[in-house]
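Take a look at the structures below.
After this come two complexes, each holding chain A, first together with chain B and then together with chain C.
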Partner chain A sequence: MADGKGTTCLMVILILGNIFGAAAGLALCALAIWVAVDEYKLYPISGVSGKDDIFAGAWIAIFTGFAFFCMCVFGILAAAMKSRALMLTYLILMLIIYIFECASCITAVTHRDYLVGNSNLVKKQMLKYYAADGDSGSRITLTWNKVMKEVECCGTDGPVDWIEYNSTFREMYGTDYPWPTHCCKRKNNYEVVNVEACKNGQNTTMFTKGCFNHIESVFSRYTWAISWYGFAVLMFMFWLLILAMVYYLIL
Partner chain B sequence: NDSLFITCEFQVSLLKESDGVVTGRFADSLLLSLPPCDLATQSVTLEYNNTDVSVKTLVNIFKVLPCQLRRDIISTIENNAQFTTSRNLGYQVTNLTTGSTYRLQYVVGAEKSNILEVSTRQVKDHNQIDSGLPARSGAMVVITVILSVSMLILLVALIVTVAHSLGGD
Partner chain C sequence: MALLFYVVLCLSVWTGLCQIPVNNSPAINPSSLAAKLTSNSVILMPPSCYFDNLNILTCNSPTTCEIWLVTAIDTGVSNFDADKNKTYIDTLSPYPTAFSSNTSKKYFLTKLGLQKDYPCPVVAGTDYFRVGSDGSCSTPNCNGILPVGSTARFRYVLINPANKTVVAESLWSNNITLYPLKDPESIDNGFAGRSASMIVITSILCSFLALLLLLLLIMLIYVLCCREEKQEIQVPGSVRMYDTHNLKDPSPYVNRAYEDEPQRPTATSPIRLKSYTDYDLKKPATEL
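Showing the complex of A and B:
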């Protein structure tokens, strides 16, 4: 019924498209695994605030990426066998996976805006939970200590955050130390170089830059991996699915 | 030769970032610069008051330090085990009230400094920080809009395709 040349041409395009889609889906799965592993160990900052859907988006993307891979392999089969039933199955399942992947991209980028759109949420959380008791308090304290030591920074926008606002740290330890001792430079044996100078704020003995730049860049990196790469894969899949529908119609 | 107005013999100021500290204003203390070294070995008295309270005097708090051979000696804090060098930056006035204005003046022998009027930091409550959603970024709007539209198009296209093929049979 349909002209053989046109159908064959479309079949070849679909097969090639599905091969590329399978590779893209597998790459999405791998990238999402990298985000979920969280090598920078900043999950507690998003977890305690309740805005942790960057990582939820990563988990969804692991499954949808792998599902895209499997469905594209199935799609190669369905296109080659010129079967209407198989093509319909392919289309319906691909649409379901497409919708889940959309959800992953949108939620990841929205929660990134909540978390690091500006430094307020991170600053408020640091002032509230650093040195606090309880599970949230200990997780945040450990995360901040690690960040301050490795990135050589203090506070969110700078050490002034600690004296500008009251905080749990201030309530627990009084005003003798204006900021935590993790803000102070340390020697290789982990001893503080000069505690008194650090308390006075001499900038040769302590870290004076804020940690927010680092935190923001890490969360942005995770989000761009999930949402922008997912967006690119979805845009490709959109055209592939349109072509598949046309193929289904002319079969 | 009577002066009709008081001249300041030397200046006192708050320490700033360019002096090598994070800030000169804390919530309960202030960092003041030191009197010049040509008044060396004389004892320093600091007089200060809160704008509503009586004058407090700290007598003989320190002796003015002698001049170094190189005036603006810049030295770093060496952090190896052999030695530590340091330089003297200023004087810290402690036990002040948060968020109040103080007027401070050094008195060294017969000489007085200018009166420095400065306030300590007002500590804000961290619960007042507004941590709601800041402005939506362009990325979020683009991704959300384009993906939602594409989902809709695909759904409609699939329904049309299936209906057409069912109707066509």
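Showing the complex of A and C:
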């Protein structure tokens, strides 16, 4: 070959880039598994509304992350063997995986905007499904109870949500309780500290901040994991593929 | 003159013909209670210092006089003012029928307690009174919830428990409007706006993907039709260029000039003599 030294240099760069890409792909797979597992257990909020494609993006990213890993290992092989056929296979398969990963990133970030762009969707869902009958109602009720207890909050933007709007909860319990008893502070043995003061709204006996900040931060965390990290991996893979194309041309 | 006036006043009260007015009016509790105004209940300031400096001949001690609250909605104000001279005022408009139809009286009374329970200055812990704390109740003078979104006025009255007449009364409060319940279906949960990161990610990824596809296509087209096979320039004397083919796959050299021969002797099929006629033994050669 005419420029053997240049070819060897490019081969070394390609092999190093593929090693790094394999590690990045495996990390993407692991991160997507973390999102899919949903440690904060907030999936029902997105599932009941039908806008659960953050998790669909996570599932796609599990497979594309692992596929990136496998293809980068194959790319090391193809570059070392200086074979044109193998390099072409590598390029075409990497492109297909690239397309899927793009889809995952864009889906996750778009659906995050639908879900937590503002508090309306979460508020409407809470008012409609909290304390309602049926499968959706029970899932939403359990999720909200858990959030209110752990994050120490009440309502979406605050307890005033329960007062301003009609809701399934108000229709069932509204003559007595202005808001659910999970909004009240509890002692260590899970008893409410003071039910009457909580019904009056005394801020020493109930939680007065809204839960939307927490919900929004959790979904944003999941989305940034899938979309921004996927974006970073794709930017790196773009330049790697450009180099691979150049290598193929001079092989 | 003043004594006469006083005697006349006391006599009128004693006969139940007029009530001593007190210059306070109920108001919403100003402290930071989150539920002080809901769609069917209100939290008011208690009547702590309202009826303290009165000399009343009938229920004449804080241990006997009772404090009651009057809740009235639009025409109920005038209905109560018309009824307040009567005895047994607590039976005139019981709670279950107070707001039930267009012709009902639209006011009701509920008992707070004895006058001594509301001392002046106010004791911490009793500094609120919640109207509507009994929920949707059915006894005649329970502290029931108000109709949703209504505009109510309140008044504290001092009642003689003997014949349930109004002895003293505060002013009517201002109009207090309860929250009208909004329908959750009116919340618009549609398009929430695109965030900046969504625009950045989508646009950059799509454009890079398109670029990649384009470059791959160009590369494939170039490779398939425009590229010439690279000639390996044999530089004389350059040992690197020599392909040692006979060491790679040894094979016997075959001279192609003899292709038309029907049978070529090879290592595996040498020529076999079919028959040999020894002419010398058969016929001795004659000498010429």
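Operating definition for what follows: the second predicted complex is superposed on the first by the 249 of 251 C-alpha atoms of A that agree within 3 Å, B and C clash if a C-alpha of one lies under 4 Å from a C-alpha of the other, contacts with A are read in each partner's own complex, and residues count from 1 in each chain.
Here is the rule we use: a contact is a pair of C-beta atoms (placed from the backbone, for glycine too) under 8 Å apart; a residue touches a chain by one contact, two chains touch by 3 or more.
Just so you know, these numbers come straight off a predicted model, no measurement behind them.
For the composite obtained by overlaying on chain A, chain B and chain C cannot both be accommodated without a clash. In the superposition on chain A, no contact is made by A:Phe219 with either chain B or chain C. When the shared chain is aligned, chain B comes close enough to touch A:Lys187, but chain C does not. When the two complexes are overlaid on their common chain A, residue A:Gly174 makes contact with chain C while staying clear of chain B. Look at A:Phe55: by the touch rule set out above, it reaches neither chain B nor chain C.
In the superposed pair of complexes, A:Phe66 makes contact with neither chain B nor chain C.
By the document's definition of touching, of the two partners only chain B reaches A:Thr205; chain C does not. Where the contact sets of chain A with chain B and with chain C meet, they give residues 91-92, 95, 98-99, 102, 105-106, 109-110, 112-114, 117-118, 120-121, 123-124, 127-128, 158-160, 163-167, 175, 178, 200-203, 206, 208, 227-228, 231, 234-235, 238, 241-242, 245, 248-249.
Contacts from chain A toward chain C in the complex involve residues 91-92, 95, 98-99, 102, 105-106, 109-110, 112-114, 117-118, 120-121, 123-124, 127-128, 158-160, 163-167, 170, 174-176, 178-179, 199-203, 206, 208, 227-228, 231, 234-235, 238, 241-242, 245, 248-249.
Every residue of chain B that touches chain A in the complex is listed here, in rising order: 17, 20-23, 26-28, 31, 76-77, 79-81, 84, 86, 89, 92, 121, 123-127, 129-131, 133-137, 139-140, 143-144, 146-148, 150-151, 153-155, 157-158, 161-162, 164-165. Residue ranges of chain A in contact with chain B, taken from their complex: 84, 88, 91-92, 95, 98-99, 102, 105-106, 109-110, 112-114, 117-118, 120-121, 123-125, 127-128, 158-160, 163-167, 175, 178, 185, 187, 193-194, 197, 200-206, 208, 227-228, 231, 234-235, 238, 241-242, 245, 248-249.
By the touch criterion given at the top, residues 32-41, 43, 128, 130, 133, 135-136, 145, 179, 181-185, 187-189, 192-195, 197-198, 201-202, 204-206, 208-209, 211-213, 215-216, 219, 222-223 of chain C touch chain A in their complex.
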